[in-house]
């Protein structure tokens, strides 16, 4: 399986892009040429130079440094959101899939209600009630997504529970935990990874959109969506400000989407 | 058929109640006392007495469930209370003032989406793997990976600032609806094209298409009458839901283009902590979502003879 | 009429040449994957772009493999009708049987919808379908495989084609209906005097309708001749094998029945 993944060029390239981005974000302090929040009015809108490789913004802050530090809220927080969503969704999904009757029924009805709101509206609702801020945005994103994963994992648990090889290992008397760890979990994990990767792009866009609207990450913290929001205010005088953060989002989201497609091709070749 | 519609409506009612309950509960999740918030936004110093009076005015002193019921009764009569910011204005009035602009924007976008994506999807499916198809597939991929607010900025820059042919924002100037409507439709065009294209390609391998060719039908008839109709049948749910997504997607677009619709009203209410308006917005979208679901299901049921087999005899 | 085609690239079918005489029924027999259906589909231009077809297939002086698409489409249906092996999936599930019959007749016979309607009824009546009026209003999922098969035959006959190609018409139908369907085909020969190509893996079915027989294996013709010759004195060992298998099956069946 690993060899197959390494042989797939799309998977290889996109994984590298994502890993490099994560590394740059992790070592932002060492890599960034300048302090992302150091403003200097004399240097505002300066062009690309040795000191500021991508120039500066309306407050004279280094755009490259802001871009690098922006990886942390944009990508890291999206990853965090996704991990929490999957963890919560898996937990509830497995509980629901294994319990029969009233527990399962109640969980599924709650999922139905959660899914009966359009996701954007639900995020706005939670942020609207709890107040503006990135913590609330992440909380809201997890709240609207977990039900989706819970329902999916529940159906996978039920599906795999009825698959022939699991029935077979049941009949030859292998223990329940053995069946779960050896058969079910690997199967579920590969499907969840594909879907979660495809969803990552959505989460990045959704979180950066809320920051763009001013509901998420607050100034002066560098975040790609928030950077675009600042760029919007100076659009008429300095339109080039919007290029770097927009491209950054486009690249990282494309990388996740392509990786998701590539993983699906490798892990689940029949569904092409 | 009638039986199905009635059953389907009966299912929708508890869903709507659940949605209304969520909308009601959410406002009670506010970390602060709503009465205090209501006073603060009007710059009244919240002394204990005034808070008590406000609580009584807002009905916060009554038991939870009773409050829900009386709120629900008001809501059914379209009385959502007054805005916290402008005590003289009703929430209903604020929303009905903003709604027409949003509906105008969303319906124009929907028309653009349908007019653009259907021909492209059909063309891509018929000439699968042609240069055009591959080019469109690339565009679709970019379309799903690009944040639409960035597209909005790029379009404003190109058409308003560089070429100067369209206004940047507001809704007074002539042609001001074009940019927001186009931006809003772009995301959905890529979704529609991908959905219909893939579905049509899947349908084209079906045996009924082969037999239609055997019967000597024109390729155009086969594609439009048979393949397209069958594909629409299988993606009608997703397509119907996009109407709601289009409406909720206006939030971002309206803010960028300063379009005075409910999306902008919602965001400004969030910033102003104008909870009754947020609540009404959530409730409205939730109900709309359920209604759309209901209509889509009924249409789907009506169009597919396999689902109402028995009633022809 | 002469059919002659051979294929290349993936070499599904090679060096095939046969002809269909007027008012005769040609049976093509072979195991699945021997290239029977694909040959007939190639003749009617029904294969996708992925297939590279070389050779000639003449129908009334027109080379079907070289003619342009529109011309082939006019021949398809009107001049050469085909009956498929899986009737259950051959009709568009969203339209009634009548709708699909009418659209075929209007397209191929150049008549109006109101003229087509009585023809549809007649076609279904002639196929011995009970309650023809009701059946016409039904949707494909409401009818059985055998019923749909007869509708298909009805459509083919109403078009009054020169040639009918029946591609495994008996496989998807249960054995009781198989006999009925075979009877229809025997009738067609007597009543309508059309030429027919009857494709089947079942030698028994073929022996009931065919005048001439072609035996195919792995994309090649291994033996051809009149039905009598082939059935009574097969020369090729594959033909013998097919006949013997059939015979042992029948023997076994008769044994059990007794």
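Lettered A, B and C in written order, each chain numbered from 1.
The criterion applied here is as follows: contacts are C-beta pairs under 8 Å (C-beta built on N, C-alpha and C of every residue); 3 or more make two chains touch, one makes a residue touch a chain.
Source: prediction; values computed, not measured.
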Pairwise touch network: line, ring, star, complete, or other: line
Centroid comparison with subunit C (C-alpha atoms), farthest chain: A
Distance between the centres, which are taken as Cα means, of subunit C and subunit B, whole angstrom: 51
Separation of subunit A from subunit B, taking each centre as the mean of its C-alpha atoms, in whole Å: 23
Centre-of-Cα separation between subunit C and subunit A, whole angstrom: 56
Sites on subunit C touched by subunit B in the complex: 44, 46, 73-78, 81-82, 84, 86, 89-96, 100, 103-104, 107-108, 134, 137-139, 141-142, 152, 155
Touching residues on subunit A, where the partner in the complex is subunit B: 112-113, 116-118, 120-121, 124-132, 201, 205, 208-209, 212-215, 225, 228, 231-232, 235-236, 239, 242, 246, 249-250, 253-254, 257-258
Contacting residues of subunit B [partner subunit A, same complex]: 15, 18-19, 22-23, 26-27, 29-31, 141-142, 144-147, 149-150, 153-154, 156-157, 161, 168, 241, 244-245, 248-249, 251-252, 255-256, 266-267, 269-271, 273, 275, 278, 281-282, 285-286, 289-290, 293
Touching residues on subunit B, where the partner in the complex is subunit C: 206-208, 210-219, 221, 225-226, 229-230, 233, 303-306, 309, 312-313
